[in-house]
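Sharing a structure here in structure tokens format.
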């Protein structure tokens, strides 16, 4: 059964201020168009003030009460962060059974932290360290010598191959592969000989890797994802890539071998980067862009090959007007020919 | 051993009409260039009539007997649909052992339909409902409260996370992940805070999702794939996406959060769509296109940013001719300069 | 503990010649900037000679000793191949326990080669053949009638579906799916009817398929990957595709149904090819390119739609200069108008 919390209590949990009836009971969080009187909703774009006024929501999380008179509100500086916290309050993660499920297989020298849980059908290698309160989901496979930090959540069927390391509070969604071999071959006379990939992958603290994403181990040394970085589904991070702290790498992006991405950068969906690049901090790469050379801090890129987004947009617009340009050139040719004819005629006189 | 069926019996099964020898025995289906006298082949493009006449096939499925005199034929309105049915006749799905394999792990309150099968190494959560005759393949993981309809086939290693729902007659290929968390974060001062994803995924009836595709659960509410829609390998459908009925979403497509795609639409391979769009019914999106804004019913789009395909093709052609255009401009400049010189000379006279 | 090998012994193993102190003991391989006196490093681009001279490496693998006087060297024709072999010497693959792990499930008529190993939580179908010394990793699923050759390595959670065949010395990284159904439907009145996919996948010898890549079984016949071809992560090979020998198919590439790629071809990351194409041998396709029509041997392609790379680069450059071209046209229009005005004045005289 859903539990209910008063608006006043919610305000304490969320660090917000009540405007209106603090005694109102709230049972969950819903978007404006789907909320009823028992729900908290939220408004993080002022253009939806009218929708907020029209909503049946019992209360609304906002940064600014302006235009919402008569509504019960929770006012705070970061309403979307408060939404995140409220969702956590109403939907606590179900507790996993601590200990190792009888159907799981574990190797020698397992170090299992307090309250940690290994789910059904998991296979854990030798010398693995699993931190306190960490949950290893059903069907996960951890190779020999893997180290997983505290308070991590590995969803079902994650693979972490031998020797790789995961920090604290990391989340790995289902189907993720950490530490697959990098794509490295020595080609001689057209035949590709495998270069053993003997490095590892390191995920720092607070990293989330989403479903079916793959992160290859380094040829030598480390492939590394920085603290707080969030990687979406079906992303490919190649061997020896280094992603800085607090980056967002959106679905289906591919980063080629040895490229470094500075912190607080964003790659939008289906973008890519060539290998051996240095990509500065706070770089923004638009969807489907292909970064082919190194760029400095604060770059905003689009297109393939990627160039400054403003330039790309101007170029796209110019390309759209090519037909008109060609017509202008044709008109010039006609007028010039006429003039040359007149001139020629004049010259002949 | 392969069983043989007479052409006359096949005609009954496939709703076709025999032209020629109804007693001819058929043992399988093969393409024209690979068929022998014991095989049924097919012709669904009239330009291959000569290949059909040259084929060693015992009989041919066609819509129209014209040009095929002397051959044994099965004539029907939809020969490729008949091929599909014939392949089903000659290659029936092997029956799975009903019941739960002893190596599978099941949670409390499992509701298992008549004839349903749970394969080896599967892990089934609490309160799961599995419909009649549904097959859960080896190594699948179903979270708590998952509901799978009747006559479904889950290939090995599919994950359906907590609370998600799958309709009747759905097929999920190996490695599919249904209900992974959406990519939602509240960013404050450059730090990304996870927004709990508390919605679900709903697959309606007759949906097929192919290998290693990922479909994220909604932040709140539902991510939904409409009846009869077929989603190819390695596709990403983000949180709160709604795909209409009878769509085709080809390999490696990515649809961003909250975008809605109208029914009978097609996204070709590696195409993408930005978030929060409304894409009309019967929209055709070409391979690698990037849809960046909402479009109405019946749109045919290509390029990135996507625009009407005809316009994209014209633009591509114009870009190819840019060198010629630049030469024309250079020629104009030379001729104009000559004229200006003459004029200047004339003016000086 | 790491074992040490003398430079002289290494030279024998790697087919190289010692320059300097053959008695020097080496404990591992490291890049130039990370190596210490106990490490072998390598130089395969002459532009890094200065870095090699500055490196703390105990010895360096090179093709040419020029500019490296005073350093201990191993000289051989193919230093990067020698690096691959040296990494193999210092990091031998850990031996897997021969036999079937007690937690694995095996079907009837399993043929298990000498020294072969089936890992924990694996599920093996009926009539499966696993070659000598082959390792089937944790959580792998092999369908009925699957045949895996000798000396293969299947990393965790690989799926090989019914009837598919894998040659000798193949490596399949974690999460790979071989033999998922092709994306084939007979569409009648807007409804998509599944065409049973009754063919198989064949991987020839020495093929490597990397993490979470999917290779669909043929509708009828075979999908085939040629000997020595290496396929990176998250690649999609559709039904009836044929990839020739010794190709490189880089991450997130998609090859559509029935397309054939000639041997020694390379598809760079996120490239794609439409269906039913013939792509010649030694074709090079640049990152993100979209091959839309058949091409002959030795083609070098880029862009979407793909065209010869040189042409694509010239076109990209021309597009960048469109603004300048438009300005030139505007200037011509102004000058021509001036001239026409003068001429008109002259004509009026």
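The letters A, B and C name the chains in turn, as written, and every chain counts its residues from 1.
Criterion: contacts are C-beta pairs under 8 Å (C-beta built on N, C-alpha and C of every residue); 3 or more make two chains touch, one makes a residue touch a chain.
Computed from a prediction, not measured in an experiment: that's the story for all the values here.
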Size of the rotation, in steps of 5 degrees, that lays the CA trace of subunit B over subunit C: 120
Chain copies touching (subunit A, subunit B) - same or different residues, decided at half shared: different
For subunit A paired with subunit B, centre-to-centre distance based on mean C-alpha positions, whole Å: 25
Subunit C: positions in contact with at least two other chains: 103, 121, 139, 157, 175, 212, 234, 252, 270, 288, 319, 322, 325, 329, 332, 336, 339, 343, 346
Subunit B to subunit A touching residues, read off their complex: 103, 105, 121-123, 139, 141, 143-144, 157, 159, 161-162, 175, 177, 180-181, 183, 185-186, 188, 190-196, 198, 212, 214, 216, 220-221, 234, 236, 238, 252, 254, 256, 270, 272, 274, 288, 290, 292, 304-305, 307, 314-315, 318-319, 321-322, 325, 328-329, 332, 335-336, 339, 342-343, 346
Touch list for subunit C against partner subunit A, complex: 29-31, 34, 78, 80-81, 83-84, 87-88, 90-91, 94, 101, 103, 119-121, 137-139, 155-157, 171, 173-175, 208, 210-212, 228, 230, 232-234, 246, 248, 250-252, 264, 269-270, 287-288, 316, 319-320, 322-323, 325-326, 329, 332-333, 336, 339-340, 343, 346-347
